[in-house]
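Heads up, the thing below is written out as structure tokens.
Letters A, B, C, D and E mark the chains as written, and numbering starts fresh at 1 in each.
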């Protein structure tokens, strides 16, 4: 049983780490804001879930488990919402998702 | 209840401040603040009397004994400082209502009194406590309220002055925090008394040396010692005049107190003056401060600026007395602390009256004022004479002891320089006297009445104190002597 | 080599301090002040650390705790820090309204004009 | 395994940090900060387990919350005129009144 | 980990985001250094509240920084001297992490060994904070209170009376912009508040306490304000009530001190509050933490409301003035 739990958690953690890294690569390597955001938000949710699941298997008592569940739920709520809001705001403020016109992306420090 | 006096001294104004928030009418808030301040004054009188008769009072907050809990430790030095602060605060508050009504919008007046009380409580806390970190906390209470108070000034430059003060003050406080941290790291304690016992074991280490340097620089920032004085003139000049009167008479005194406390009680004299060439450094800074600031004062067009620079010069005198570091020198510093509080309190309060009537303190507006506001200007003249150090005023007493101390030490040139510095004071005071009495009023100015009684009364209270303590020096000399002795009792 | 931690803290501290004195933008100064203070906090917390110790909350079977006192001091100092930041920002806002700028040099120029 | 996960997260934090550092747009920075925040949440939970004191998950919860609130704050205040979208606001006000 | 932060600071246009990251990083560092309470606070304050305040501030002041015209050589010299002095000072410090350092030998052992018997609270930080050095904490509450009053004195504006139509239009505007955000936040709000209460009363056993709880609670209300608009928030939370609460928190703390004073013990000696000294300590800590929580919550709200209110007021002024004096400052 113990072995099962520890292998399980290791597996989850491993997958989580891998997803994390791929998300990190995404944010670093993708060409424009929207694709970067895509990379981050997609991997992030799953990666967090995986890592937290891995930790849940390790948790020694019920309170810790509960807290982990709370964190997980909150992440599941918050992360997509934040991504949505971010994309929404970027869109409204005239940030076009075009690849060939990168120069347009510069945020203008316009202060009257 | 008598046993609890040390803590009551601080928490009475501290708890009165939030209570003040419930008093929406400014007049009520003023009355309450005045009452509280007077109460604090009474407490400090009793404390001083107790300390003088029965020695150091120790009060353990929370009932935990010293190095674990925080303790209040009242010796003659603190008791003396507490007395100065509460006395000045009470007198200044007497005049506050009239002046504040004119200078601050009505909806902010109550807030003003709250901040004033907090500032008062902060200063009292710094002075009363015997714990190094507690000093930092109360330092921040008093400084934060000071920034807000200064920013309440009418002129927009008040905001800028307050901001500069905030930056300088916070850097100073953070330096002190670093210093306290390093001290703590080497000794494992925060209690001043405990520190003074444990520091000698590690005093040769470079860490302690650094700690001392940081604390001194931090305090000097707060103190506005000569090269670090840049925030002071503007802060004093553009703050509401009541605030100027209060801070000019108390804030720098608290910083001097900290300097003395850390140098003499915590680090001990031998360490303080052997680790660094501090005596020489302070002496030079003090002297240069006196001359540079006095000379700048001569060229000021704004009388508040003028007196602010004169304050920096007076701080120079106190530092000279401090650098002599004999009993007499320290006595001179402490006497000057007391006396300077009286003179600057009187002078700035008088200016408060002038602002109330003519709305400006430009020197050119003083023309002919000597005949229109005779009592106020007479007060200014007497205060100015005291600043110069004419006999029969308090200024004379402290200068006398200062020169005595310097000569005792065989520093003849310094004594001559101090006298020369006083001559500079003659020049800038003369400029005010000249325009007030020997120039005709600016054309187009209507008839100006004397300042209202509520301002005039505290002004003359301070002026009379100026003369009284200039003639009858028993009280001040006795107390300062006891304080200086007690400091040297701790030292070598 | 046992002090490398302190050295990093000091470098951070000095960067914060440099921002405070060298930059002219008032908001930037306040950020710098924050960094300066936070670095001092790190200094305190570093000195509280004990090798092999854990957080100072009682638990069964643990005998080596970190020193709680610096933690307490820094809790207080953090509060003081946020109070200062808030007040400083409030002042900055008022300065912006009164002067129309938050650059140190421009404010000083305007002041000189006033005099 | 915990250590491996921590290392992975640290690497990702560095990546996110680089993105926040490089920009180029404001939103990239916000995105980076957001990602940084969630990774810190994970990091703290992992550290808690590593040190054997998993009670400290409270801190992770606070992180998650604060992270959310500050991202919202950034977005909310990025509506102000310095990020220019006054046109839209005016349009909506007109429509509703 | 801290090394990353150094790189960040070379950036010339980092402003708020990166200072938020710095805060996160340093609190991460605090966790690794076992200072959980501090990490907690730093996360909530540095990354949360102060970032928000800075944000609101830059929306009013503009976010471009003008290049500095004078040469910063003097500043560099000052910084180098200070830093050099500090490094010089570290040379004699005890080795990092050494258990033999004087710090760990003098005052602290008593806290670690005896506080369980004397105060009866598992979290040593809480017992030192609230009992052994309770007066420092009292000072800290007063500092926060001072900041609140100071901000009030500097920024407060009398809110303009608003018409129902205006509220509706604003509501509509916000609703259109932030629909999803509003729904998610509304769902989360009660949980955040619940969590704040948990932190408040669990501070004896785990990391947390009045200050952290206050900040979280205030953050919840700030979140609400941001998404539902100042006007709605003002109607939910009465401004003068909040001010009174700020004062009440301080007074609660102080009055507990006074109670022990009246009972013949020293100021803030809680052991008198119940028959058994340890129970008294526990009760005292609970009550003062409550006082801290109340003050911190209300002061944070006061500060934020006044910042945001000022912003609104300025926008209003600007709208009125548009056309006649746009450029003059």
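Everything that follows uses one rule, which is that a residue touches a chain if its C-beta (ideal position, glycine included) is under 8 Å from a C-beta of that chain, and two chains touch if they have at least 3 such contacts.
Here the structure is a predicted model, which means the values were calculated and not measured.
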Number of steps on the shortest touching-chain route linking subunit A and subunit C: 2
Subunit D and subunit C - chains in contact with each: E
Remotest chain, subunit A as reference, centres from CA atoms: B
Greatest separation from subunit D - chain, by CA centre: B
Chain-chain pair with the highest tally of contacting C-beta pairs: C-E
Intercentroid distance (Cα basis), subunit E paired with subunit A, Å: 27
Mean-CA-position distance for subunit B and subunit A (Å): 57
Subunit D and subunit E: spacing of chain centres that average the CA atoms, whole Å: 19
Where subunit B and subunit D are represented by their mean Cα positions, the distance between them in whole Å: 47
Multi-chain contact residues (two or more partners), subunit B: 133, 137, 140, 144, 147-148, 151, 178, 184-185, 190
Sites on subunit E at which at least two other chains make contact: 16, 34, 36, 58, 62-63, 86, 90-91, 93, 101, 103-104, 107-108, 111, 133, 136, 139-140, 143, 146-147, 150, 154, 177-178, 181, 188, 206-207
Subunit D: positions in contact with at least two other chains: 14, 30, 32, 51, 55-56, 58, 61, 65, 67-68, 72, 79, 81-82
Contact pairs between chains, per stated definition: A-D, A-E, B-C, B-E, C-D, C-E, D-E
Touching residues on subunit E, where the partner in the complex is subunit A: 62-64, 177-178, 180-181, 184, 187-188, 326-327
Parts of subunit E lying in touch with subunit D, wherever the complex brings them together: 1, 4, 7-8, 11, 16-18, 20-21, 24, 27-28, 31-32, 34, 36, 39-40, 43-44, 47-48, 51-52, 55-56, 58-59, 62-63, 165, 168-169, 172-173, 176-178, 181, 185, 188, 192, 195, 199, 202, 206-208, 212, 216, 219, 222-223, 226-227, 311
Residue ranges of subunit B touching subunit C (in the complex, touch as defined): 133, 136-137, 140, 144, 147-148, 151, 156-157, 159-160, 162-163, 166-167, 170-171, 174, 177-178, 181, 184-185, 190
Subunit A - residues contacting subunit D, complex: 9-10, 13-14, 16-18, 20-21, 23-25, 27-28, 33, 36-37, 40, 44, 47-48, 51-52, 54-55, 58-60, 63-64, 67-68, 70-71, 74-75, 78-79, 81-83, 85-86, 88-90, 92-95, 105-108, 110-112
Contact set on subunit D toward subunit C in their complex: 51-53, 55-56
